[in-house]
Each structure stands twice: as structure tokens, then as C-alpha cells.
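First chain A sits with chain B, and in the next complex the same chain sits with chain C.
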Partner chain A sequence: MELVASMSIERTLEVSNEQGLHVRPARQFVEIASKFTADITVAKDGRQVDGKSIIAIMTLGAHNGSIVTIAADGPDAQDALDALTKVITGESETE
Partner chain B sequence: MDVTVSGRHVDITPAIKDYAVRRVSKLSKYFAGTEKVHVTLNVEGARHWAEIVLSPGKGAPLIVAAETDDMYATIDSVTDKAEARLTKYKEKLYGRRSRAKQAAAEAPLPPKPVPSQLVDLGEGHMKLLDFISADAVLDDLAADDKAGAIEQMVQALVDAGQLKQGDLKGVLKSLLRREELGSTGIGRGVAVPHAKHGAVKHLVGTVAVSKNGIDFDSLDGEPTHVLFLLIASTDPEVSESYLKALERVSAVIRDDNFAKFLRRVRGKDEIVELLKEYDEAE
Partner chain C sequence: MEMKRGIPASPGISICEAFVLDSEEARIREKFAPESNISSEIDKFRKALLAAQEEIEKEREKVVSSVAPEYLAIFDAHVAMLKDNVLRDEIERLISERFFTAAYALSRVFRRYRRMFLASEYLRRSLPDLEDMQKRILRHILGEKRETLRELGGSVVVVAKELTPSQTVAFDRSHVVGFATDAGGQTSHAAILARALEIPAVVGLGDITSDVSGGDLLILDGNRGLLIIDPDEKTLESYRQKQRVTKTFLDSLVRLRDQPAETRDGATATLLANIEFPEEVETCLSHGAGGIGLYRTEFLYADGDTVPSEEDHFKAYKHAATKLGDSPVVIRTLDLAGDKFFRGDRSVAERNPFLGCRSIRLAFHNIDVFKTQLRAMLRASAFGNVKILFPMISCVDELRRAKLILAEVMRDLEGENVKFNKEIQVGIMIEVPSAALTADILARESDFFSIGTNDLIQYTLAVDRVNESVASLYMPTHQSILRMIEGVIHAGNDAGIDVAMCGEMAGDVTFTLLLLGMGLRAFSLSPYLIPEIKKIIRAVSVEEAVAIKDQAMNLDDPELILEFLRERTRDILPEAI
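Presenting the complex of A and B:
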């Protein structure tokens, strides 16, 4: 019987994406998050929401400079976290 | 109180940042201690601009901004504004008290998270009807495509006196350009087309319902039946309000019943009543 190592990790970051996590970056976040099998959540000020729902993320009010915690739970958690970190820090923004 | 400052312009020296931290730290007397405060400083030509975002333990953040032609003056101004807002809200909560009583109230930590409530609702909380023009609400969109729907809604704002007819084309262009960057169809049958434009001095918006559904190229592939249109001012001090408006819209949509009810009601007045109900329910 093979056991697949499943990871549950989280990372706390400052949102340095210029518009914060609103509509467009939230959409980008969700599109990327949805590609991973891991469960993804985003938390801000004690409120945790589903990282694969753009509407849920938009309710967080994660403006530029706010602190959020992304958590990923599943076999590809590490990759998910790395990819999503880029969205939050604005590295993967294409203008 | 956790204060952070960001400012990327070369004119924003460490001395200026220190000044910002010192001034903003004085706001700590309004809080219990775990609040995060972020100050953003920016310089654009002669415009020296600052924004403070106070994030309480729970509830909406308090955002204030100020602009002058001197960064030190701006920091003073924005801190004063933040203090004025906090004082106003504190008075609402506690009523007029003598100084002694107030000092006594501040000193020991209250068991309930009262300082968080200081910025929860009231000042920071935006209501749907704060930005939706009741007169521009459309209860049965005739258009069957995205551009047509957006145009109908902008025309409704013109007819309601919120926009000039001459600005319609420009505003429409901005809205459609924004759609090209990525559809505002956020799923659950809702779309939030929005843009910033010089034609408005403050946030202007409306809501429309489409019975037949419009293809908005939504994230979940479903047709759009409810549209919230927002046009924000380009003035940085005011433009943050459109993000709060979008947050408010998202919060309301999370309620499964909201979109359902919205599609069931008949007529503009019933739509406005529904929005009022949701605003008052908070």
C-alpha cells in the first residue's frame, strides 16, 4: 500500500500587489488555486475563506499592505503555496 | 498596535517614515493593542499623498487619506483625519463622558473586544444604497450581450442624473476595456463591471437584473443575471471606496438567497427594498 505524503502548510504574507486582492488579482488567485488538488484557504484578521472562491476572497478586503495567511492542504500544497505567493506579492502581475 | 509604513519614492526618506510611525503610533490610545496599521506614502510630482489603513481584529478596515504638497504636512493631516474619525465613533459608543471617566474606561482592557467594534460598522461599513442609485436600477435588462447590458446600465445612470450624456461614451469605453483585462463575471450569476473615470467625483453605481441571462464569460461558465455596475472617481482619496463597495457586494452575494430573491422581485422599487433589507440586516 502506498501512502502519498500529504502536506498541510501555511504562509503569512503582506499583500504587496498594488490593488490588493480585489477582482482581477482575486480572479488570478482563484484560477491558479483551482489548478491544485490541495484545499486552499486565505485568512485575514481571523476570518478564513475558501481560496478557490473569488467571491469569498473579495469579502476579505485584502488591500495592499494587509496581512493574509494562505494555507494549503494536500499532496501539492507546497507548489500551490509557492504559486499563490507570487500572486499576493504581485510578482506574477502582467500589465 | 502594529504600525508599518511603505513608500517607494526616493523622496520618502527614512526620516519621513520615522515621522509617520511616530505620529500614527499616537493613535494607539484608541485601541487595545493588536490592531495593524499600515501607512502608505506616495509622491507624484508636487502631490504628496498618504493613506492610513487601520485593520481591527474584526470588521471592516478604516481607511483615511490626505494629500498636500509637503509630506510632513500630509502625514499630520492624515493622522488628524484618522483621529477625528476614531473620536467620532468613540463618542457614538460611549456618549459624552467626563475626561476622568474616559481615562478610567481606557485604562483597563475591556472583556469584550470594544476597540475592534470601534471600526466595525458605522464608519468603515459601506451599505449597498450608499453607492447604488435607486433611480438607475433596471429590473429587466433588454440587452442580451455584455456590451449592450453595460451600455443600458450606463444610460440608466445618465437618465437618473448621475452622469452627463456627453460622458457616456468615455465611461463605456473604460468599462469595456476593463472587461478585456478579465471578465468581471465573478460567478453565481453575478457580474461587477467597474471602472475609474474622471466623469464622476464620487462613487456611482447601479444594479440590473436580466431575466434571460447574459454571457459574461464568467469564471464558473454560468450566465449572468445580476449586474452591479460601479464607476469610481479617479481621485485617490475617494477611489478606495470602490473596493469597499465591491467587498460589500461580494459579502451580500455569498448569501445564496440574495441573487435568488433579486431575480424574483418585480420592478425597480422591490429591488431597492431588497437592497435596503440587506443593508439593515447587518
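Presenting the complex of A and C:
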């Protein structure tokens, strides 16, 4: 039996984006997350939400400096995490 | 069932479905759909999402070349919300599992998000985005058939963050049976208006707009300041019972309408009505008012940026004058704070507007606007018993100046051969301590006094009663106030001019005995309070009232005076308090 290249990984990061995961950054996060087939979640203070839902991410209230954990589960999990890390850490400011 | 406590702003009980103003703008008529309609409700919802999305994309197209990219990103974020699977699934689940209509399911789900957003300082600033989404989707769900507040097909209790005067005036009054607001106090404009229109209201409910969904059944108890969301059968029945009892009581008061406000020993008082809008004239008549003791004219300026024309004024005044026949219609000239007036023109912010250029002082600074109003008042005087009332007079000089301007306007009208009452009576509000203490001097040049207790108390006690940290110092029974009021009544009576009271004390049954005892014979109050005040006047003799007044004035603590007056009022009219 062949091993499927599916994996579940997570990463804990500090939000460094002046606005935090506010309306626009949240939308950017969701847009990027939605390009991957992996299931993506974002968690803050023990509450985990769907990483492809803007409204759910907004309800986390992840302001600048909060600690969030993003997790991806799927064949492209690694790439997804790498891309999303940039949004969280503010390296991907361009729209 | 959920019970929320607020500030009772206007008495009465309403049992009705909710209309959430800020987030919905339209009435949600049906909460549940028959099972057979589920797929069509889901379909309706999905189409609304798509339509809203197209709408946003079109709006984006229009501005794409002219605005900065970060602004465009807002449009994208809104589209992302409309495409959000989590949101969509939640709403569709309520439709398919609980048989909610698309509109009600939307309202319920957004309510949950509103609550979450409100709970966090950080998220609160995104609330407008959320509300905007909700309104957009709802608009597409309801389509052409949506009922806005201006044209309702059924009765509603309006739930809003706060209500501006212009919003309140625009209501379809035959269908708005109650207000409930997050903000506000008993003296906020919406509260005063609700009382004037006899619509039960509760204000200061905190985050009520996020606790109620459009279409929810509400009990609004304006007597106790309660709002009950989704009441159970037992509560509902007990409130229906209360509603019937209240109605019986009110009906019995209305029966008093045609009886005079005469004490047991034959002294007569005049009960006049305070009104704010021309539409209230009918209420005055139906509640047995002997005239209009205070016609506030500020509604004409409610729009803020435009100055009302002479015809606007004239129409409003003529209507009242004609309807009232020989009974007096006392019209007050503009009584606005500087900051509420001609916002565009005034660049200097006042450090202390309450002591600043407001009311009659503002009129002196805007002579043309003032003259326009005076012209309209004079013209209306040809159609009834109109009297002119100048507010906030603080010294003889101001009174003379106002009368001089009036004389100029009269000369102009004479020159144009326009008919008006040349003997028109001109009176002043006594609401500044300096005027109260020199009432004997002012009486020589006034035809009548109207005591405005609200401002008189605030100016005398140096208390802004809207400021919660000092509001408890606002005491109508402070001896300084009582002495001043008595002094004004005596000064007026000695000079042989009419003295009325138009402040809130005049409509509070607790003070009726005291004021009668002081010699006050004209009370101007909200029309719906007239029957109650009439009832207590008819139950007492002047001799008794004087004795009660003397005893009250001998007590040394304002709280004790208040308690004493309450007790004596209860003795005489047990059902009053």
C-alpha cells in the first residue's frame, strides 16, 4: 500500500500586522487558504475556527501581537502553512 | 424567554414583533416557513447572496479607477463574507432544520455574530461591515415587497441603538407601537417624543440590538422599563391581562375629559398641553386640554442643515390655531442649543454651550431666522388665540430687545397689509435663576410667565441631569427651587398676569398639591398626563393644598419633602402613584 502524501501540521505564530486579522487581512488569509485543498484551521485562546471562513476568523479577534495557531491537514499542508504564515506575520501586505 | 431591564421612558405595554432598525431596515414578517417551502426558502437565500455579491461587484466597478487599493479591498472582504461557507451553512441549517424563513434565519445568525463582535473592543469597529452585509442580503431576500419603517403593513416594536428626532418623526405612527433603544435616558429626545406620541418606550437597554432579531416576539413594558424577548405563554397571558387593566384605567381617565379641573372648594385650574408636533393637536383635544401651553417649535429645525421657511412655520402654527379655536396656543420661539443649529456656519465650538449662545441669545445672533419665525407666528394669530413665548430670558434687557424685534416685524406686516392680532400676548419662560429672582420686575413688561422647571433646576443646582455621575443631585424639591417657584407665582399673581408652569414638574402628580398650594393655577403638560392631574385637583381643596405646601416647605431635607409629598398624594389619590 502506498503512503498518501497527506499530513497534518501546525504552527504557532504571533500576529504582526498593524490591523491584526481584521476585515481586510482576514479576507486575504481566506483567499490564500482557499487555494489549497488542505483543511485549514486557525485557533486562538483555545478556540479553533475554519481557516477558509472570513467571518469565523474575524470572530477570533486576533489583533496585532496575539498568538494564533494555524493548522493544515492535506496533501499541500506544508505549502499552505508557508503561504499563510506570511499573512500572519505581515510579510504579505500587498493586495 | 429573556428579560432585559432598561429605563422606563414612556408608559404603557406593547406586545408585538420586533423591527431591528440598524441592522435590518425592513420588517421581517414571517418567522417560520411551512416544511414544503424549505427548498424555496433556501433557494431565495442563495439567490439573495448572489444578487448581493453582484451588487457589490458593480459598486466596485464604478469606483475602481478612482479610489485607493485598500479601499477596494473592503469590497473584496464583503464579497468574501457573502461567499463564506460557514455563514451560509449556519443559515441554511436554520432554514432546513428549524423551518425558519430565510429572512428570520439570517437575522438569527447575524444576531449571534453581532453579539460576538460587540463583546470585543477590537471587533466592534467591524460592526458596520456586518450590519451592511445583513441589510444587503435581507434587502434581496425581501425584494420589492419589503416593508420599511415609512410604510409598514403591520405593527412593530422598533429596536434601535438610538433614535434621532428625524428618524422618530418619520415613523409610520399607526404601526409603530413601541420603541426600545440601547442608549438614551428619560430626557433623551426619543423618550420625550415617545411620551408625546403616547407610544410605550424603554431606553438605556445596553446591547438590546444584539439580543433581538427582527421578527422576535417582544413584550415592552414602558411602566417598569422591561423588555421581554420571546415570552413564554404564562408571561404573555399576564401581560395581556395588564394591558386590559391599563386600558380600563386610561378609559376612565379619558371620561374625565369634559369635567373641569376644579378643586373641591371651587377654585379652577387650567390644564394646558405641551406639544412638539402639529400632529399632536388632536391628542390635546381628546385628552381635555384647555389649550396649548407650550408649542415647542424645534421640530422645524430637526433636519439640521436647512432653515425652515416662513411657510413651514406658518403651516404648523395655523393648523394648531385653527383647531384650538378660542383656546390659547402658546408658541415658543426657537429654543435650541448653539451646536444643534446651523452646524455648517458655526466654526467656534463653545466651551460651555449650556451657558453659551443658545435659545433667545441664538435668535439675537440670527435675527433673520428669528424674524421669519415671528412673522409666521403673527400671521397665524389671525386664525386663533396665539401667544408668543420667549425662552431663556435672563434680564429685562433681553426681553425688551426681543419685543423690539417683534415690533419691527409687526410694522413690516402692517406695511404689507397682512392680518394679525395686534394685541397679541407676549410672555417669557422663567427658567434662569436670575429671571426667577427678579420676576416682579419682569412681570411689569410681560403678559404672562411660563415656568420651565427643567432648566431652572439645572441652572440653580449646577447639575446636568444627563450626566450620570451628578444626576442624583437633580432635586426638584430642593428648597432653593421651591422658594423660587413660589416667588415667581406670587410675583405674577401680584402683577395680575397669568403664571403657568410648563416643565416636567407640572406633569408630575407628586407636585400637584404643592403647586396648587403655592397658588399656581395653570399647568402645561404632556396631554396624556392631563386626566391624572385633573383627577387629583378635583380630589383636593385649596385649603388642604396650602396646608400641605406649608408643611413641605418647613421640612429641611429635599428627600424628605419628596417623600412627604408622595405620601400626601397617595392619601388623596391612592391609585396615582
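Here is the rule we use: the second predicted complex is superposed on the first by the 91 of 95 C-alpha atoms of A that agree within 3 Å, B and C clash if a C-alpha of one lies under 4 Å from a C-alpha of the other, contacts with A are read in each partner's own complex, and residues count from 1 in each chain.
Note that a contact is a pair of C-beta atoms (placed from the backbone, for glycine too) under 8 Å apart; a residue touches a chain by one contact, two chains touch by 3 or more.
As the structure is a computational prediction, the values presented were derived from the model and not from experiment.
**Q** Once the two structures are overlaid on chain A, check if chain B and chain C clash or fit side by side.
**A** With chain A as the common anchor, chain B and chain C collide in the superposed model.
**Q** Based on the superposed arrangement, let me know which partner A:H22 touches: chain B (first), chain C (second), both, or neither?
**A** After superposition on chain A, A:H22 lies in contact with both partners, chain B and chain C.
**Q** Identify the partner contact of A:G65: answer first if only chain B is touched, second if only chain C is, both if each is, neither if none is.
**A** The answer is first: A:G65 touches chain B but not chain C.
**Q** Is A:R11 touching the first partner chain B, the second partner chain C, both, or neither of them?
**A** In the superposition, A:R11 touches no partner, neither chain B nor chain C.
**Q** For A:K86, select first, second, both or neither according to whether it touches chain B, chain C, the two together, or no partner.
**A** Touch partners of A:K86: none, neither chain B nor chain C.
**Q** By the touch definition at the top of the document, which applies to A:K52: first (chain B), second (chain C), both, or neither?
**A** second
**Q** Give one of first, second, both or neither to describe whether A:V30 is in contact with chain B, with chain C, with both, or with none.
**A** both
**Q** Flag for me the stretch of chain C that overlaps chain B after superposition; candidates: 7-15, 187-195, 205-213 or 331-339.
**A** Clashes occur only in 205-213.
**Q** Of all the chain A residues, which ones make contact with chain B and with chain C?
**A** Residues 20, 22-24, 27-28, 30-31, 53-56, 58-59, 61, 63, which sit in both footprints.
**Q** Which positions of chain A touch chain C when the two form their complex?
**A** Listed in rising order, the residues are 20, 22-24, 26-28, 30-31, 49-50, 52-56, 58-59, 61, 63, 95.
**Q** Would you tell me which residues of chain A are touching chain B in their complex?
**A** Contacts found on chain A: 14, 19-20, 22-24, 27-28, 30-31, 45-47, 53-56, 58-61, 63-67.
**Q** Could you please specify the touching residues of chain C with respect to chain A in the complex?
**A** Within the complex, chain C contacts chain A at residues 69-70, 72-74, 76-77, 80-81, 84-87, 113, 116-117, 120, 122-123, 126, 129.
**Q** Which residues, counting only chain B, touch chain A once they are in their complex?
**A** My answer: residues 4, 6, 36, 38, 40, 53, 55-58, 60-61, 63, 181-182, 184, 186-188, 190, 192, 194, 219, 240, 243-244, 246-247, 249-251, 253-254.
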